[in-house]
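The structure under discussion is supplied below as structure tokens; questions concerning it will follow.
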Amino acid sequence: MSFGWAYYGLFTMASEHLEFVESSALAVELCGIPLATPLIPAAGTLAREALEDVRGVYGAMLPKTVTPAPRSGNPPPRVAEAASGMVNSIGLQNPGLERFLEDLEHYDIGAPLFVSVAADTVGEFAAMCERLVGEERVAAVELNLSCPNVEHGGLQFCAGPSAVREVVSVCRGALAGKPMFVKLTSERVVANAVAAEEAGAHALTLINTVPALVVDARARGVFLRGGLSGPAIKPVALRAVYEVSKVVEVPLIGVGGVAGGTDVAEFMLAGATAVQVGSGSFVREPQVVLEEFAAYLREQGVFARDLTGALAGY
Amino acid sequence: MKLHEVKVLGRERFGDHALLRYRWSGVAHEPGQFVMVRALSSPTLDPFLSRPLFVHDYDGEVVSLLFEVRGRGTARLAREDAGLLVSTPLGRGFVFDGKEPVALVGGGVWVSPLKFLSRALNTSGIAHDIYLEVPATASTAYADWLSKSYPHAVLIPTDGSLNSPKTVLSHLGDFSRYAAICASGPSEMLARVKEVSTVPAQLALRERMACANGSCYGCAVPLWREGARIYTRACIEGPVFGAEEVVDVQKSGD
Amino acid sequence: MSFGWAYYGLFTMASEHLEFVESSALAVELCGIPLATPLIPAAGTLAREALEDVRGVYGAMLPKTVTPAPRSGNPPPRVAEAASGMVNSIGLQNPGLERFLEDLEHYDIGAPLFVSVAADTVGEFAAMCERLVGEERVAAVELNLSCPNVEHGGLQFCAGPSAVREVVSVCRGALAGKPMFVKLTSERVVANAVAAEEAGAHALTLINTVPALVVDARARGVFLRGGLSGPAIKPVALRAVYEVSKVVEVPLIGVGGVAGGTDVAEFMLAGATAVQVGSGSFVREPQVVLEEFAAYLREQGVFARDLTGALAGY
Amino acid sequence: MKLHEVKVLGRERFGDHALLRYRWSGVAHEPGQFVMVRALSSPTLDPFLSRPLFVHDYDGEVVSLLFEVRGRGTARLAREDAGLLVSTPLGRGFVFDGKEPVALVGGGVWVSPLKFLSRALNTSGIAHDIYLEVPATASTAYADWLSKSYPHAVLIPTDGSLNSPKTVLSHLGDFSRYAAICASGPSEMLARVKEVSTVPAQLALRERMACANGSCYGCAVPLWREGARIYTRACIEGPVFGAEEVVDVQKSGD
């Protein structure tokens, strides 16, 4: 269903900030949580040192994945450029859950706070969720399942449906109803998504980086073994959102290669309720992405929330 | 990261090196800081990431960048017709307590920030000597330009293949003549300064960067902090570090 | 092991053609088949109408995948652009095996001929192999397993190790020793590669296109659901080659995003014996790719065959 | 596909449309053929694919291309400073048996090849009339240029939103006055010509292209051949087809 843009009343785009008299044009709801805009930073791509310019741009804040204990991360190099994207291997450098929670106020951007967690074992995942369930400032928890399960020979938690089902159902229990997003990779995404929904995920975040290798031909060496992100993977992420939207009922959060306003629209049309911006924010301002998306909505005469899944065949 | 379109005032080429000047009326730069840059004509995809470059010089109005053409990004930046997008000055540069004299030690294209540093020291009236390695691989055009651009520097031609770190340091002689060392050169030179300097040294490090605002944790530099080995982020805590706190100088910054 | 370039004797690069007095700099051997260069066209990206400029460039010819019966292909649109790549959904348009074999002479580029096959069932795969085994002009057969298996609810033949094992072992029997390459996608590539090797593959071709979706935001429609190829997927393909090279013994053929000479080197360093060029050939001449690769070999003072797997850590 | 660097002789802009002229000393072009083009500054990645454009005009020495700026590729081509890479002329154009008069029917930017066609018909002394739709969405600048560029054409302003195919065809009146129709317009117009023409018609079709040499099977056009419905490749068997053999005109070419 679509409304003419006139419906919005006064809509003015200031040079620095968007001002909506009728701000509901951009608003969406995710698992019952109202978001002022459908944009969320992708986990690991927005640090507390860089929150100045994103107030009012992101509908929620999502810091880098936290693990039970502090992690120092991988030795450099950790990032490399690729065609229309980049490869990273940061190694989940983070201060550990307790220290992170002590500093929670630093993540305040005047929007709901989501927390991404990862761990080595199902038990540790559950323990983190138990620690977070009573933390009122945390509106939702995102399980980052693209990390190795040390109890299963280092296979990722999202290696297949049975592993997904186990960790998700345990965390669902531990979170006692607090919204839980499950983040998956593109590999086996449909089967894993179905398993995650069955195990109680409230929303699915699709997708994490795609396994990649960067070779330095002159040095004849591996430069970096990590995950590919950026516009290069956008068609892969869109496909994941689209296919999964056909088989699950829970809302989807699209992520992969967003670098402009129409990218946001594409993810929502493919089935996403909200959209995360990762590497794209390194090369374009999230503010500009939101402005472009707002211009798209105006041009099309639709509200953001009406885009989700509103895709015709060609 | 917000980038600003700036007016390029001039581009010069010396062999594989280029010097680019633009007008800047924003917040003032400090010696040792860097900027993220990209060609106006490639806003997103090719190349994807912006490139970090030291501020070579800054007189309050005009910024200059000195760089070597290596890959896609610098090739674009060096092209005559490309417009320029630049960030505000980023990171932490060299710091001084007023003690003198200071030795500025550099090599290759990494001599870049020492020009601005020398200007700032002159302004503060701090005595300093400049020692610059000129690797054998540098073009004559670049070597000539260096000698004109740093007229008071001791230029030391080296066998570039090994980056002969001993050469520049042996010219420098007894470190204790100086109150401090500021170094910006290839990783082997910086490692050597860290190893042998008997006086406080500051190293201008580089590391692969993506966000340049602390978000991605890409630009990891291993430091000793409170007795522990941690990775800090060169883009917001560096790129200039005290040599004593650096665990080791990574070659991924070369 | 590397030789100084002087070792090659006279090496001259003419404006139109490479001339090697010592041509072994570029030569490789694949499953006992000598190839004058390590480059092969990727299946489906070089038609018989376009062979004029590729003589001497490709070490073997590999036409588009052939199926038992003719296929008319998918309705347009069939191709779309993506960031640093493209998405296609051609639908295996081909004249069918019999007609293809009648026209076999049109594929002669003065190099060994490989034939890519696909079918709806394991039985049809086997029948094609039986038809090809006696065809002396066909030096090797590549099984394209990225096609739906109608007996298994449309899941691809390369959906998982057990499906791979079945089709590969049956084809291995039918081909009675004729070299057989098995082409896989990036999904579950390590497990599938191991299964293919165990089932008798002589070489593995990695990777086929990555599932992708292109959305038209203005039309609010799906523009194309197909496979992503081109430089965007190079890091993904390199990773597949690298991981698989650690667990199998058979030679690998790398494919995905090659558009220049160093790309070829990267694939060989990551573990490939030969390298296929697909979408890259639409935007750059394969001739130029080969020239760049030869220049790389000269600069590094190595022979092509010495690059395979010769990768140091960084 | 081999692309050749050519000297751009001029670029003109009319609103969202651009005309680009370059010198060509290679194999001669035929009316209805197209070329693959890309900006010199984007050899591979952004945008990835080359763009197909009809030969708008060709006098034996100079080729001109007329295009609308729509996306990344055409935006680059329209930029003043971009050098140009072009292929040799590709595909099959319009064919004639000498019968006259001929009606040339076009609309939007797709009128492009009719200029060259008209020139060729003039050279052969074949009488022809030109009917061109000018959609309401066209800028005044483009509409003005069209009327100057096709001085003998009947220009028909249409309500662009519907691409009003009836309008141009109703101006044309009774088809049987003509020996043949050559059409190049939006898909709805071409479909309509195919539907209603009582005389042999040729349609200049477009389809999404990648390789432009027959290799990728991307540019599928559904044709009737020997009673069967097959997909042929517009890049080597077209882009001009006899209307009677086209099964239907796809909108993915718009």
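Per-chain residue numbering starts at 1, and chain names A, B, C and D are given in the order in which the chains are listed.
We take it that a contact is a pair of C-beta atoms (placed from the backbone, for glycine too) under 8 Å apart; a residue touches a chain by one contact, two chains touch by 3 or more.
Just so we're clear, the structure is a prediction, and the values are computed from it rather than from any experiment.
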item: Farthest-lying chain, centroid of Cα atoms versus that of chain D; value: B
item: Computed distance of Cα centres, chain C from chain B, in Å; value: 44
item: CA centroid of chain A to CA centroid of chain B, Å; value: 35
item: Of all residues in chain C, the ones touching two or more other chains; value: 77, 82-85, 230-231, 314
item: Where chain D touches two or more other chains at once, by residue number; value: 44-46, 252
item: Pairwise touch network: line, ring, star, complete, or other; value: complete
item: Chain D partner contacts - residues on chain C that touch it in the complex; value: 44-47, 49-50, 53, 64, 72-86, 88, 90, 93, 230-231, 259-260, 279-285
item: Complex contacts: residues of chain B adjacent to chain A; value: 1-2, 38, 43-50, 207-222, 229-231, 236, 250, 252-253
item: Interfacial residue positions of chain A with respect to chain C in the complex; value: 77, 82-85, 87, 186-188, 210-225, 228, 230-236, 238-239, 242-243, 257, 262, 265-266, 269-270, 296, 300, 307, 310-314
item: Residue numbers on chain A that touch chain D, as the complex places them; value: 83-84, 314
item: Residues on chain D engaged by chain B in the complex (per definition of touch); value: 41-42, 44-46, 79, 81
